[in-house]
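Labels run A, B, C, D, E, F, G and H following the written order; every chain starts at residue 1.
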Amino acid sequence: MDAEQLAELLKQVKSGDLAVEEAIRKLKSLPFEDLGFARVDGHRGIRCGFPEVIFCEGKRTDDIARIAESIVESGGNLLATRATAEAYDAIKKKLPAAQYHERGRVVVLKQHTQPVPPGTIMIVSAGTSDIPVAEEARVTAETMDNEVQSLYDVGVAGLHRLLSNREELTEASVVVVIAGMEGALASVVGGLVASPVIAVPTSIGYGASFGGIAPLLTMLNSCAPGVAVVNIDNGFGAGYIAALINRTSMRE
Amino acid sequence: MDAEQLAELLKQVKSGDLAVEEAIRKLKSLPFEDLGFARVDGHRGIRCGFPEVIFCEGKRTDDIARIAESIVESGGNLLATRATAEAYDAIKKKLPAAQYHERGRVVVLKQHTQPVPPGTIMIVSAGTSDIPVAEEARVTAETMDNEVQSLYDVGVAGLHRLLSNREELTEASVVVVIAGMEGALASVVGGLVASPVIAVPTSIGYGASFGGIAPLLTMLNSCAPGVAVVNIDNGFGAGYIAALINRTSMRE
Amino acid sequence: MDAEQLAELLKQVKSGDLAVEEAIRKLKSLPFEDLGFARVDGHRGIRCGFPEVIFCEGKRTDDIARIAESIVESGGNLLATRATAEAYDAIKKKLPAAQYHERGRVVVLKQHTQPVPPGTIMIVSAGTSDIPVAEEARVTAETMDNEVQSLYDVGVAGLHRLLSNREELTEASVVVVIAGMEGALASVVGGLVASPVIAVPTSIGYGASFGGIAPLLTMLNSCAPGVAVVNIDNGFGAGYIAALINRTSMRE
Amino acid sequence: MDAEQLAELLKQVKSGDLAVEEAIRKLKSLPFEDLGFARVDGHRGIRCGFPEVIFCEGKRTDDIARIAESIVESGGNLLATRATAEAYDAIKKKLPAAQYHERGRVVVLKQHTQPVPPGTIMIVSAGTSDIPVAEEARVTAETMDNEVQSLYDVGVAGLHRLLSNREELTEASVVVVIAGMEGALASVVGGLVASPVIAVPTSIGYGASFGGIAPLLTMLNSCAPGVAVVNIDNGFGAGYIAALINRTSMRE
Amino acid sequence: MDAEQLAELLKQVKSGDLAVEEAIRKLKSLPFEDLGFARVDGHRGIRCGFPEVIFCEGKRTDDIARIAESIVESGGNLLATRATAEAYDAIKKKLPAAQYHERGRVVVLKQHTQPVPPGTIMIVSAGTSDIPVAEEARVTAETMDNEVQSLYDVGVAGLHRLLSNREELTEASVVVVIAGMEGALASVVGGLVASPVIAVPTSIGYGASFGGIAPLLTMLNSCAPGVAVVNIDNGFGAGYIAALINRTSMRE
Amino acid sequence: MDAEQLAELLKQVKSGDLAVEEAIRKLKSLPFEDLGFARVDGHRGIRCGFPEVIFCEGKRTDDIARIAESIVESGGNLLATRATAEAYDAIKKKLPAAQYHERGRVVVLKQHTQPVPPGTIMIVSAGTSDIPVAEEARVTAETMDNEVQSLYDVGVAGLHRLLSNREELTEASVVVVIAGMEGALASVVGGLVASPVIAVPTSIGYGASFGGIAPLLTMLNSCAPGVAVVNIDNGFGAGYIAALINRTSMRE
Amino acid sequence: MDAEQLAELLKQVKSGDLAVEEAIRKLKSLPFEDLGFARVDGHRGIRCGFPEVIFCEGKRTDDIARIAESIVESGGNLLATRATAEAYDAIKKKLPAAQYHERGRVVVLKQHTQPVPPGTIMIVSAGTSDIPVAEEARVTAETMDNEVQSLYDVGVAGLHRLLSNREELTEASVVVVIAGMEGALASVVGGLVASPVIAVPTSIGYGASFGGIAPLLTMLNSCAPGVAVVNIDNGFGAGYIAALINRTSMRE
Amino acid sequence: MDAEQLAELLKQVKSGDLAVEEAIRKLKSLPFEDLGFARVDGHRGIRCGFPEVIFCEGKRTDDIARIAESIVESGGNLLATRATAEAYDAIKKKLPAAQYHERGRVVVLKQHTQPVPPGTIMIVSAGTSDIPVAEEARVTAETMDNEVQSLYDVGVAGLHRLLSNREELTEASVVVVIAGMEGALASVVGGLVASPVIAVPTSIGYGASFGGIAPLLTMLNSCAPGVAVVNIDNGFGAGYIAALINRTSMRE
């Protein structure tokens, strides 16, 4: 029931075509999302241009293509993460305009944009093997209409690589730090910048890295304040919240 | 070596009082923080009014008081977390203007403020026992010159308590969600709002809560995007990063 | 807004005292729990006689007494779990009719009852040290107006103690099994009865029992179907869901 | 030894054909299940129509087919879980009447039914990837002659999807909640309904979901009472105990 | 129902005083432990002299004394483990003959003995802090009428201490190895002897010993075969099974 | 240096052909295994007939065959565990007399036997999927010249299957209990018999079984004394120590 | 900016071509690694001959070859660990002088050497399956110009194998101990030698070895002092730090 | 049996006072430590001046004093770690020359020294709360006659504090890094220096630090090579192995 239907009901009450008791009964059982809740939800999508997202892992190729098509048909921006080349091929058959970001394993099809906020999101990664996760973050944030810079392979074992870029680091609105192995990069960056840091542990490493638990714990226990953490390998989540943070200044 | 000393050195080079070779040697071995690094650091404190913080747990009362005094003497704002009543008494003897926020166990003494950003930070907590952590977050963010609202005891077992306040929730710039037991509140809030959510697991609970691991995992695995997590019971950390996020719009 | 207020609003629409547009606005922003949600909630309490519950652990004695008083004043049944003798004394001063079940550490004050369902809840515990948890379950279920029987100290190391009572076991509507150490009792009981089994691991044990993780895993992996598990030491939770199950036949 | 054989023995004692000492010896060494224990067991199967179950995972295809045949030949209902298409083909060759529920990976062949209890079992799942587990639960409960409804893809990230179906939820006798990732759905449902909730964590998720540990802990720590938990991905176990609960009202 | 009662029943059947149908009914509902099960159990205690055991930890002093008295009155040997000096005092008041083994925290009162088997149980401990657990094992095995030798403080950091006693080690029937920290002693002993080794991890250690998990894992993974493990700090359990093993040769 | 060489050295000292100082030097640096240590080791193999064992997992097929050949050539009994059919084929080519126990994945070639001890080892397993581990234990114990009986598929969900065989159980010298899922069988058997019980957790199960951790913890925490545990799936280890225990009575 | 550029700048200051203020500004923003930091880093590589290392696992074959080529072109020694035969083939095509150490999975190409320190590094491994890790350590240390000895298959289950080589053990400057299963070898070696011991847990083992956690904990808890630990299976790391230790005496 | 006794035996063989056979028997059963093993052990103590160590935690005060006295009487250096003030008082009564290092909780009494090696051990700690562990390391290394420097409170949140001391860092022979919380300091230092780094995780921290597991994992997974790890809070162990490393150059 949308606003129009509600108006109709009230008019019927007014005209006497609908008894008050019957109107009460109808309103009580009204699914509340019809009263504006879902609309606010829909509204959010339209207002912010935040893409609908398909997490492809564990989904069948034809399902992915079908969901992608339905998102695009309903006018939304498409963002499909963890997409294999096969998944991309299937999507492309239905949506020739879709683009594949291979390293980040992301398929994107943008149909509308929104004003770009003034700040920059900086994506920092420790090693070359963290780059797929970093790219997933980058593409996510860019698809959400943000300016993104990236600084890869600046792990703490060669600290000077990071320090020589500290100017760009300190100028970013948000910094996303992506690191596997021991994940120390998040603490070091957290100590260098005054902006919020979103840390992403990756499952890169071996032995007692335990599939990302080691950097996860490192990042949660960061001695530098201003660091919050998303799930292991969750580049999408980091790019998404970084975009939300960067867009804060666009809210009225 | 600060800027003045550097100027002095360069003047000596200019005047010929210092050989170029000797000047190179001096500049090379220069501790680089003297070249601006530490100054940038200090600059950050002055510019943002971010308080110096004492984590009191495990420190001796007289040490706490002494550090507090030194922070205040150097002109900084004082924020002492996990402070017992005894710690407060010791601080107060030296710094009579210090104030104690008992529920959040925080001691504050503000000496200067900065412009308040337009957005609001909303602190949401699931149960009454999560309130100490929530208050630590609230006082931290307020001390950093933000407008903060709080919404306590709105756990998901009685969902209507949360939903009836959804307007305030959706209007906040940042939402901090604090929950123990199973921590489901973060996902539910993450699904309701368009702003970034900082989640704080608490060690409240028993049995297989394992001192906060249960809500920590819940929050890291949130099915709603836009949620990042800080350490268990780390109200300070949540308030701090929420303040950084809210201040994003104040950056030039 | 309750049903009467809604009727009033609709009457104003009907009479023309309230414009349709204004009515739409009011209904849209209506906290939906006022549309019946919270009322259903309140209704549930009144209809089922399920007690309001205070989890006393970690609460201050005077807070407990104050909450207890407010529950009783609002007409509810009082159930306070994990209550120390001190907590009971504080409650008793305000509510002389409150009773203390010492072994289960539960305070009860019943103000109204509901029809007792025909089935029986059987509480089975493995060792004498599991009895506090068992008693918490028993008092919870009884306060919720169920017939409860108990069979204590029938751990699997002396199987004949359990088997000689199998008739009572098989006749119960629901069986609650409480066990620490290795928790094998749940599987054995699950293999003997045709009714649902609610298993409660307890933190009784030492060494690699890990505060109840060992029996928790045992019970989750029960080779007998028909077993579901609640949290470690959560006698209240087991008694509560057992009562819900036993009352299933009372639902129309 | 069944009742008839026992009668024969006693008649021989009566007639003097069997010495008392010899009868004592026979009765003492009697496998006690022959004295009624196993019969009660068999009786249970016949009385309740609860199917014999084959857990196919890790069993060889021809073994599965052979066990299935033996169950059906002995007159029982067949329920084979975690069955691949190959397993189904092998069963079908021997038992052409067997049916395959592909999404839930269950093979069923019903030979007799029992009266259907009045209540309804509601199966609720958070995401589309939880559906295989949900379907396993649904088919299990239906095969045990219960009326089952299902409500899929109503995770807490879009709360309105769940809330708009709260009427059906609150009317069910038992609710089975199936969720991966963070598993918050169980707490939310537990706070909405007055009936017992059986929660099933699934291994859906990534990173710090740890193959289902995250939702398992979430569910065990649910802040809403009335929730009990079965093993990770154990749709069969949930459907089975839900059926037992729903049938409680059929017990005399 | 014991053998005599069964004979009486059968005689009544024979004489016609009891109808066959009635006899069937009685035999069916017969608690089977009366048919020899419980008797075998009792018989075991008398035949083997295995003591009844009280695990004192977490029990109240007066309860301990009361249970001890009842065991002794019923003619059994008393073994109370984890007994404090207070517990001993309480027992001694009721049972002046009870003796206290202070280091192993065990109270013993023997009332009867059985033939001592020919073999020897050797108790080996790694460090001096493991001695309480070692003594619990020693007293348990001695109370069960075995010859016991002990070899303490022979940890692998000073291997020669162990090797210089290898003759006694290789001559024992069973070796109990007790070690904390890393628990390597079990593997080393397992490689030296041809008899079964029972390993007991202790909670002695710090840091990543995790209350005994480190030596527990070490012992479970022993590269020497012939090693089985009991629970952390479970000296009683080790002494008990060592006694069972040593008595194997006494079984006819 | 063996005894003969030592005699030679001493004779040279006696004859004056070797100076005392030189003899001291030689004896000091003497690898002590040459003084009898290693010989005792070899002696053990010959005396007890305990087989040399090859753990095939992770070894290359040709390596396995080569080691097997060398063991057999040196006169030992061959026991190769975790052997695939391919490994067996490779062994058989070199050693045509080798036999393959397919279910237990064990290759055996016996060249000599020793007297069989009077007692019996009973192998008990909970489910049909535990049988490979059980068979590994059975073949190991038999190869070590013990009489072995087995009782499979007697899990606690159908307790009567176990109880109807309790006579054989109580008569065994040692009982090996093999169980996955929740592993409750070890406690139940431990409560029924007076002989030592060796428990083997298996990795059979799913969800929160965690590859055998659940039954491992269950077995370590057994409420019945007389139970010791070997590593997950370690059927060989259980059969080996059971054989050592059963042979205790053969030691002089 | 390197030293020459700095000299140029200072000369300009001296000549008056550059204002002091402008020089200050330039020096402040100077990336500090250009002031010698990174140069020191490069210096370290040249001075010590420590190889540049490629961790091949998870890298694409052509990437590996390309990085290898670039290292060699820049004059460094090449060490590529976890290299498959395919990776070696790809490297060899570009760098025909590269050599493959198959068992340790290491590719090496040395272009320059440095003086060999007087001490010896001893690599000790417990079982034959630990050899790949041991070989990785050996080749690493040798490539860094150390004298290395190795002693394989000397696990504690056959202690005499180790003890008969104790002279070589005690003479080494550093001992690297590599062990899986329970990892007890590190403690035993630590008790025998006076030199530092670097312990490497391996993921060899099964059941409760948990991919190397068991030996990792064993080694961290070693009762012998003088033992430090590197990550599971990290043979490279052990060889590297052993080389650093052995070269200590070469530092001026 | 020491060298003299051996000479005596050989002389008796030479003189004919002892038969060759009898000499063989005596030499075979000789505890081998008498053949030089223990002597080497003793020799090590005397040669290196490595102190005998008492780990005081969990020991009784009078036991500590008694062991300390015996060590000193036998001429050794005394090092007692984890010593309370009470323990020190008890030691001092017997040994007035003993000194107490309060912050590191260490009691020392040196009776002899050895030549100091040329290198320096640098102890680096992240926070002020890590200082007790750092001091334990420092006193241990100094007591073992090394030159030690320390650099405290240089955690990575304020990187410039560390970097401004990099010259001292790079000049040390060994660096001991002590850090709690997330432990990132070890990786950063490992990337800055060319000497071996020994990392000590501390239990300082809260929430998901888990008593030191977080920094332990961080350090084991260090992306910088040249880092090895000792147990949580094990300052003694770090100081000990650092001393062994620094003394490497003193070995002939």
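Here is the rule we go by: a contact is a pair of C-beta atoms (placed from the backbone, for glycine too) under 8 Å apart; a residue touches a chain by one contact, two chains touch by 3 or more.
As the structure is a computational prediction, the values presented were derived from the model and not from experiment.
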Exercise. How many steps does it take, at the fewest, to get from chain C to chain D if each step moves to a chain that touches the one before?
Worked result: 1
Problem set entry | Chains contacting each of chain G and chain H, listed by label | A, B, E, F
For this session: Over half of interface residue numbers shared between chain C and chain E means same, under half means different, so which is it?
Result: different
Problem set entry | Label of the chain whose CA centroid is most distant from the centroid of chain A | E
Exercise. Based on CA centres, what chain would you say lies at the far end from chain D?
Worked result: H
Problem set entry | Cα-superposition angle relating the copies chain H and chain B, to nearest 5° | 90
Seminar exercise, completed: Check: chain pair from G-H, D-F or B-H whose contacts match over half of those in C-D is G-H
Problem set entry | Inter-chain centre distance, chain B versus chain D - centres from mean C-alpha coordinates, in Å | 50
Exercise. If you average the CA atoms of chain A and of chain C, how many Å lie between those two points?
Worked result: 40
Problem set entry | Distance from chain E to chain B - Cα centre to Cα centre, in angstrom | 56
Problem set entry | Per-residue overlap in chain G, given as positions that touch at least 2 other chains | 29, 32, 37, 158, 163, 207-209, 213, 216, 220-221, 225, 231-232
Exercise. Which pairs of chains touch one another in this structure?
Worked result: A-B, A-C, A-D, A-G, A-H, B-C, B-D, B-G, B-H, C-D, C-E, C-F, D-E, D-F, E-F, E-G, E-H, F-G, F-H, G-H
Exercise. Tell me, which parts of chain E touch chain C in their complex?
Worked result: 29, 31-33, 37-38, 41, 57-59, 201, 203, 212-213, 216, 231-234
For this session: Mind listing the chain A positions that touch chain H in their complex?
Result: 126-127, 155-159, 163, 181-184, 187-188, 190-192, 205, 207-210, 213-215, 217-225
For this session: Please give the residue numbers of chain H that touch chain F in the complex, ascending.
Result: 3, 6-7, 10-11, 13-14, 16, 20-21, 23-24, 27-28, 30, 32, 35-36
Problem set entry | In the complex with chain B, residue positions of chain A that touch it | 40, 44, 47-48, 50, 53, 119, 170, 173-174, 194-198, 216, 220-221, 225-232, 236-238, 240-241, 244-246, 248-249, 251
Exercise. In the complex formed with chain H, which residues of chain E make contact?
Worked result: 128-129, 158, 160-161, 163-164, 167, 204, 206-209
